[in-house]
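Same chain, two partners: chain A is paired with chain B first, then with chain C.
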Partner chain A sequence: MSESLRETLDLALLWEYRVVLLKGLTMTLGVFACAAVLAVAGGLVAALWRVSRFRVVRWVGTVHVEIARNSPDYIMVVWVHFVLPLLLGAIIRRRLEFDPFVSAVIALSYVYSGYFAETFRAGIEAVPRGQIEAGRGLGMSERKIMWRVILPQVVRRMLPESVNQFISLFKATSIVSLIAVPDLMYQVGIISAQVMRPMPLYTGAALVYFAVVLLCANLLGLLSNRWRNKVFA
Partner chain B sequence: MGNWERLVWNQREAFLAGFQVTLQVCAVAFVGAILGGLLLCLVRVYVRPLRPVAVVLIEFFRATPILVQLLWVNYVWPELFGWPNTFFSAACVALAVQSSGYLAETFRGAIEAIPKGHLEAASSLGMPPWRAFLRIVMPQVLLDAAPSIGNQLTVIVKSSALVSVIAVPDLMFQSQKLVNKWYEPIEILTATAVIYILFIFLLSVTLTWLARAMRRRYGLTAL
Partner chain C sequence: MAEIPTIRVTDLHKTFGALEVLRGISFDVQRGSVVSMVGASGSGKSTLLRCVNHLETATAGDVLIDGISLCFQEGKSAPRKPRSLAQINHMRRDLGMVFQQFNLWPHMTVLENVVEAPRHVRGMSRAQARDIARNCLERVHLADKSDVYPARLSGGQQQRVAIARALAMQPKVMLFDEATSSLDPELTDEVLAVMRDLARDGTTMIVVTHEMAFAREVSDHVMFLHNGLIEEQGLPSEVFERPQTERLRQFLNKAQRPR
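Showing the complex of A and B:
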């Protein structure tokens, strides 16, 4: 077993392929960044729909959020990559194909907009009603109240708590390697098929994710504690 | 309509067989996750010399994505530990490992939330520590953590879609096999997605109802 252990922890192999692996990590971060921005935006929109005055809008928002929250990421990624181009192509009567990066970003941001929507909705409903009534008393329109009173508080309050969602999103980006986006796991798969040494490579990939997530989680935890102390004194 | 019938309804045996394997993997992984999480948590809280080991393991299991864990358990563990030696067991172990990290933290929070007065009362009544643990701490911890445990079941089912990557013949694997056979992905993949989404939705509705019923009955769970 000690020989297997030595083989597993042979990280020199990772150093040898560091350029390729770094490219993969950059792609992972790129997918994460795009998906995160779209997911937050989509989550905000969905949360606004869910608290709207109109029942139809609320219902549409609920359906969106429930589908997004209850679907496995992998299923959504595969569906968006293989089925959506065919459906859209049938509508516009041309043959469409999505670049894997695009499908990955669309699918992941859709799924995670559901989680963010729930977080933002909790934040919106946590704003004291007195502020909304004060806004109405001052003659502000509903839209202006939402934009200038509620949303700044919601974003400030909920962004630290969404750190867990961002970390989940980062971990979920590993799935996109399965539709041939050249991210970290994809590069690891290719290298391990070439050199036939899966053990150090997969262990190394796990350690890379471990290091990145731990670093970011601790960093963001520190930052959010300082933010929280600053905002809520 | 004809396409749906030909591609989905006529292949329902394949779908059902895959769904059965998915259920099996999820059930085994769920039990394993609870046991593993409990073990990690107890080692972390009560076994002081092994505490750093437990902390590192918990953080490692929480920080790595499920796909990475699946591939790692499937390809590295058999060489290192000689086990798991089938794809099915590797999938169950990987899913259990992922959730046991989260459950260990949940259990730890629940244990630390028990008022010290309970333990002091137990020791003043002459209860040995192990009995106090079994009869006072564990019931409260399990009740407190029940909604999170149910949530982890949902997470396990969602992650189980990935075990097709290590050739476990689950629902996703069967539907991909069909797509490769017939080259008509729209109906098959949409049907698969609908089955997963519906199943997970019903599961989460049932779990929410269960959590509410437990709260009514025992009055202790956080919702």
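Showing the complex of A and C:
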């Protein structure tokens, strides 16, 4: 094996810096968890807007979704961290600064809420009309029908697809080091600069991302299948 | 004594764009009676039934439930104000609808399907709603399937659950929209048997059906719809045995030919 290849795969360096790297991973997971919750919630709200009875509300939902999913997350992170505080600050006439963590969560959850909104909407529209009419026929309000008939089915149906989106979101968190959120990639960058050996660290980081995603995605897939199969036999 | 009919339909019109589906239909349904609507596909009978519980908004005319307008608010203002969605929902509690496609909710068990409306529309306690639901499931002979999901049931069983679900709201009228049309012939009978029991128990029913033998057997009154109008109506014996119009004669000939 060539010297440079061996160096690339020398994961001893990873072990040496395990404490710092683990701290980075924890931060990565923190950003992911917060952004995921907000993205799903935002996506649900946007989806409900998009299927609203009122045209203006539908329109607002469409604008939200289009902006969210058509912006590169890289730019969104930078923009939220550096431009948004200026804009808001101008409005309230005060100097405003976001914590990098907060900016990262806002930016990523905003972008991904666009994807989740579309998944939700597709799920909502996939529920057969007859089931909605059955609810109406029994005197259920539109809101009750949405929450008790439609959404419980949407959640079950969209789980497999949302696993992919959670994976994308998790991987997308690797860009938050851009605004100095001390995540896994940030630590890797710092250590690389100190020891001048970036390759094993980046390879190791890739393995960590891979392992986490593989583990979580499979677990989630397993759970969602078990839950779905009971109903959509 | 002139009793207030449970359902009174007055001069009902419905158009879809340029298409006039209902062209002025009026009839009464007295408490405890069974009214059947027969007619060819496209004659407007399903649309009529859907107007009766406001799943379709009538273009003109009104539906009165126990003398109260379903389409318009009380008061003398002219033109009369249409009812709000909330008011319509409230009045729909009294109208149990059974659809051709069953339309059970797949994520709920049989019992949960039946409990849903009494619990979350009528606001009953869980225990009370369950009692009623079990009772209704017994009436359709499916008490043993309470904890099964609809996907595991046959079409006939699903339709019986749908009937139980509508019954659980203790409606004043049951509306059946071709309840057996999407079932295989061998599954049709179990559903018709349940409907026959309901009729015998004095349930007020409006039945849109292609089952002529059933309509003849259980109905107190039969209406033959053609092109959005009631072409002929009367006692089942009159309508089926002494049709007055050529159209009804032709329709019955076709309908009663063995399948």
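To be clear about the criterion, the second predicted complex is superposed on the first by the 231 of 233 C-alpha atoms of A that agree within 3 Å, B and C clash if a C-alpha of one lies under 4 Å from a C-alpha of the other, contacts with A are read in each partner's own complex, and residues count from 1 in each chain.
Everything that follows uses one rule, which is that contacts are C-beta pairs under 8 Å (C-beta built on N, C-alpha and C of every residue); 3 or more make two chains touch, one makes a residue touch a chain.
Note that this is a predicted model, so its numbers are computed, not measured.
**Student:** After the alignment on chain A, I want to confirm one thing: do chain B and chain C clash, or do they fit together?
**Tutor:** Aligned on chain A, chain B and chain C fit with no clash.
**Student:** Comparing chain B against chain C, which has contacts with more of the residues in chain A?
**Tutor:** Of the two chains, more chain A residues are contacted by B.
**Student:** With both complexes superposed on chain A, which partner does A:G130 reach: first (chain B), second (chain C), both or neither?
**Tutor:** second
**Student:** Does the superposition put A:E97 against chain B (first), chain C (second), both, or neither?
**Tutor:** Neither: A:E97 stays clear of chain B and chain C.
**Student:** In the overlay, answer first, second, both or neither for which of chain B and chain C A:E161 touches.
**Tutor:** Neither partner.
**Student:** For A:V149, using the defined touch cut-off, is the partner it touches chain B, chain C, both, or neither? Pick first, second, both or neither.
**Tutor:** second
**Student:** Quick one: is A:E16 in contact with chain B, with chain C, with both, or with neither? Answer first, second, both or neither.
**Tutor:** Touch status of A:E16: no partner.
**Student:** When the two structures are overlaid on chain A, which partner does A:S141 contact: first (chain B), second (chain C), both, or neither?
**Tutor:** A:S141 sits against chain C, while chain B stays out of touch.
**Student:** Looking at the overlay, what does A:M185 touch: chain B (first), chain C (second), both, or neither?
**Tutor:** First partner only, chain B.
**Student:** Across all Cα pairs of chain B and chain C, what is the smallest distance in the superposition, given in whole Å?
**Tutor:** Superposed on chain A, the two chains' closest C-alpha atoms are separated by 27 Å.
**Student:** Under the stated contact criterion, what part of chain A meets chain C in this complex?
**Tutor:** 128, 130-131, 133-134, 136-142, 144, 148-149, 152-153, 156, 230-233
**Student:** Going by the contact rule at the top, pick out the chain A residues touching chain B in the complex.
**Tutor:** Going by the criterion above, the answer is residues 1, 4-5, 7-8, 66-67, 70-76, 78-79, 82-83, 86-87, 171-175, 177-178, 185, 198-199, 202-203, 205-206, 209-210, 213-214, 217.
**Student:** Hey, which residues of chain B end up touching chain A in the complex?
**Tutor:** These residues of chain B touch chain A: 59-60, 63-69, 71-72, 75-76, 79-81, 154, 157-162, 165, 172, 179, 185-186, 189-190, 192-193, 196-197, 200-201, 204.
**Student:** Going by the contact rule at the top, pick out the chain C residues touching chain A in the complex.
**Tutor:** 53, 55, 85-86, 89-93, 95-97, 99, 101-107, 116-117, 120-121, 149, 151-152, 162, 165-166, 169
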